[in-house]
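Some structures to go through are shown next.
Each of the next two complexes has chain A plus one other chain: chain B in the first, chain C in the second.
And now, the complex of A and B:
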């Protein structure tokens, strides 16, 4: 299965994958709902279309976060070493980043669910 | 005990969310108590835990054990609690705004906020409407939908005993739905700072039995008999031009001063002052500020800004005490 995942790269940027997915998902949900409720004709469909759209976006966002978490887990050596990875070595730096990325993925996962939770309860623009 | 008395006293009365007289307020009060109790339990648990760690525990725990505590106590527990609370609050939301389905059944109430008073129009199902001001009446047991607007700046319409607050925003119509469950006289208050007399922008809110409410509305839909009582007050009212800002049913006082001459601004809603058609029977004068009697009326007319700083009503230093008394008596007669 690890063949399917991209090769490990060494970059600070992978740290932010999950929070960026969270931010984009947040904006898409809120901007989408705002446009839909203010200009219903622009996007078309009824409120349930919007809810389904948000659910689809949410599943996509969660999948991306899970992949980012898997990659982070690999970078962290599958949890073989315990933190703190505090030594000034290349290996510790990598493990530290992997661990931090994993934690951020967890946070982003929960946050994306919270962002999307209203679609379970809200059935109308005005309520 | 003495220290808690003010706190306890503030939990009841005409303007308390925690002493609900309506369906929405009951749910908000429940939400408050659930949050408070939950918050207290967690607080007590954390304090007990830190006491345990700092005072009673002798041996230190293993690193593995500490990791487990952090995972369950610092991740799983807060995520579960927050998810439950969020879901509960979200589940509550549609109940607090039950629009749509029952549209057009009962009375709809339009309220326009202005510095520092409330214009109120009751739209009845038969298409007629009744204009009033600075007082809200609603039938117990019937859902009443409010349309909230503003003529100048942001105000907020809030009757804590009946439900949550809703802002009044210029250029927007916000909706609020309230269901009073207990008859009584409550108090509403502007809840968004709107100028120097913001705190004096209030109103009595009266929940009445539906039959009484209908009778009240029916009576309000006709001019007050007091309008035709022979009175110097009526003539003075017309002579002084009070009618350019104030409407009085059954007189030529229309209250729609077109260009807002005296105010130096154009009233957005086409109304410059509170409707006075039945002002004599309102509970208060000056939007919830003074008990409604002739003396208060005379004082308010003479120089409203001395009672209510920044009031948009001009002062009448030229009116003699007798004239003021005559106007006040005529207005008090508009029952």
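And now, the complex of A and C:
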């Protein structure tokens, strides 16, 4: 299964993958709902269409975060070494990056679920 | 024996030379210094002075509210006092003080001689200082802003707001420029100027926090600048962006303001927590528990804080589904925030805590902040917020968050880092007294406000009747404010008077483990030599490091060529890459800040000619600055930094710090542009018929403009490539062609709305089209100046195939310009056709 994952990239930017997914998902939900409620005829469908749309987006976002978490777990050496990862070596730097990325994936996962929760309870564009 | 004395003489000579190179000018020329130590101190002192001024305004407000039906000050002065109090605290204290601390502390903490752009740092300080004096001074002429620190239209666009609103908009826009300049400096400094070996897993947590915060500034401040632009266009030229009668919408301002305003809260909070992350391990006598968790918390908070802005707008009638998204994110941000608090508690539990004055302030701050955080969780819930909105409950909440999350940690930092300024401690006795006065005074002031708010007292009222149960609560708050004020006054006395009493202490008096404590307060060079770092707490773990650094045994111990130099290292592993020559003492920073300040101040009073002349002088100053101070071709390729390492003196493209600065600046610029595009689509969603039957700019001119800008971009890229291959002549021709194409592009862009006679004062649709097109044209204009600059450098022989830093950076600018043109002309030209 691990062979299906892309090769490891050494970059500062990988740290931000999961939060960026959260941001894009959040923005898509907000903009989608805003346009739907202001211009109901433009997108067509009823409020349930919007809810289904957000659920689909959420599943996609969560999957991407899980992939990012898997990559991070691999970078963290599958959890073989414990923190603090404070040695002056390239390996410890990588382990640190992997661990921090994994933690951020966890936070982003929870935050995406938080964002999606309202569609369980709200059934209309009430103000 | 003679060898030893010779080595000693060598060392003394090295030191003397280094000292001379980094020396400040004397007399009045002292103020032209650009060294991070001086600029940091000025920045911090100015921010502190503004804070004391705003504190006095708060006491004035409290005095007016002490008893019911009071008429101590006029209603107009009251409005100005609370508006200026909020404005000054947020814009002139809370954000700048962290920039000040960062500019002062980061170089020694990272083991750098200096940040990469010292003149930019000085320019930022002077801009801040001029703008700050202008905004604060207005109250002495009865002309201060009076519509609250978030300046909501339609109140703030009305006649009633007076010139104060313009002072707010233009003065603060100017200060935002300073903040962005500091953010660029800090990001590049942290990513590229760390000591060799200081990998990202060994970086001091302060640097991690500051990196995140500076990144947040790049994305949070530009929406406000875009909002200021729209706002000022309405006030000056009657373009109806926020006028509902002509299709505008006051809510757009609220969106733009809070897209800035909420991340701002965390921009203020995170650096303060960063100070605690340095202080707590020192006094717990052990490394922090959960370094990676702190990084998680900093990055997580940084992102989530951008999804909170609508929680300031819960009462504006947005669809409930939208409110719910923001409510959810507001609850989620409590997770990373709490992680930091738990990390601190765990560190203290795992170590043996010494309760010094910095720790008192740190603990007091955390206790207050936790309480503010918990009321924050309450007001993040929409139904509760509807009850508490715009009442004193909110005033209590925000002061608990800001004073606990920011002011107390800053005082902790002041007591902790004071020995780095002049090698002396502040008074333990005064500190203890000040802390208890401030802590009790604060709680007596703000705890009752929760109840005052729940009893219905709205924010910003001038006075109130006696018989509705608010009177004794208000009196209590006023008494508390006086106690808080006395506590702060004690600290001021300590800072100003202690110099006469205290003997010099030893270096590193707290026995801290981080590298900033290696710096010598009486020296200006940052670090004597730049060490290789092998630990998060090098002074604890690398035995004898301080002595080796002071003895000049590490990298770059000299300045043989008489130039100010620091090391540039790689982003992840901090491997040495380049010796960077940084700018020294110069008038140019002050000159540019003064002329740019004149532009903004003259605009406030509508002195068009003065503004135009000052703008020309500013441009001339910037070009002189760049021409004489950057992109210099060094006299040799490489320099030996000791220990057998030789590094290049010149870098261009992605390896140069200038490229990073351009990239970061343009990311911020792109965010401002995105905010304007957001405005365009916001107006589209608000109207059944967006164009209300008015003429658009057509398709022809926008598409011609797009094609011309694309061609200008291609010419610039081709110029870079031919130059790199040695074709200097062809490269110059291509740059010239680029200039011609850009001029034609600007003209074609403006021709669209012009030829259809679109009147921007008639309705918001033509106004928003004009503003987008003008944005693109102005950026085209800047692109033209850059192309001409490269052309001139090439002709002057200062831009060659090997030394092409300027052209690389200008091409990067043009990548962003191409995207700007694509979006602008795509949106204004094609979107109306798609409707």
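Basically, the second predicted complex is superposed on the first by the 126 of 127 C-alpha atoms of A that agree within 3 Å, B and C clash if a C-alpha of one lies under 4 Å from a C-alpha of the other, contacts with A are read in each partner's own complex, and residues count from 1 in each chain.
In this text, a residue touches a chain if its C-beta (ideal position, glycine included) is under 8 Å from a C-beta of that chain, and two chains touch if they have at least 3 such contacts.
The structure presented is a predicted model; accordingly, all values stated were derived computationally and were not measured.
**Student:** Determine, for the superposed arrangement built on chain A, whether chain B and chain C clash or fit.
**Tutor:** fit
**Student:** With the C-alpha centre of chain A at the apex, what angle separates the C-alpha centres of chain B and chain C, reported to the nearest 10°?
**Tutor:** With chain A as the vertex, chain B and chain C sit 70 degrees apart.
**Student:** Report for A:15: first if it touches chain B alone, second if chain C alone, otherwise both or neither.
**Tutor:** After superposition on chain A, A:15 lies in contact with chain C alone.
**Student:** Does the superposition put A:39 against chain B (first), chain C (second), both, or neither?
**Tutor:** In the superposition, A:39 touches chain C alone.
**Student:** In the superposed model, which partner reaches more residues of chain A, chain B or chain C?
**Tutor:** Ranking chain B and chain C by residues of chain A touched puts C first.
**Student:** Going by the contact rule set out at the top, does A:120 touch chain B (first), chain C (second), both, or neither?
**Tutor:** first
**Student:** Just how close are chain B and chain C at their nearest CA atoms in the overlay, in Å?
**Tutor:** Taking the overlay as described at the top, chain B lies 5 Å from chain C at its nearest C-alpha.
**Student:** Please identify the positions on chain A that touch both chain B and chain C, taking each partner from its own complex.
**Tutor:** 110, 114, 117-118, 121-122, 126-127
**Student:** Touching chain C in the complex: which residues of chain A?
**Tutor:** Against chain C, the touching part of chain A is residues 10-12, 15-16, 19-20, 22-23, 26, 29-30, 33-35, 37-39, 50, 83-86, 88, 90, 92-93, 95-97, 99-100, 103-104, 107-108, 110-111, 114-115, 117-119, 121-122, 125-127.
**Student:** Which of the residues in chain C end up touching chain A in this complex?
**Tutor:** Per the touch definition, chain C meets chain A at residues 191, 197, 199-202, 287, 290-293, 295-296, 299-300, 302-304, 306-307, 317-322, 324-329, 331-332, 335-336, 533-536, 571-573, 685-686.
**Student:** Sort out for me which residues of chain A touch chain B in the complex.
**Tutor:** Touching chain B: residues 82, 106, 110, 113-114, 117-118, 120-124, 126-127 of chain A.
**Student:** Under the touch definition given earlier, write down the residues of chain B that touch chain A in their complex.
**Tutor:** Touch residues, chain B against chain A: 63, 75, 79, 82-83, 86-87, 90-91, 93-94, 96-100, 175.
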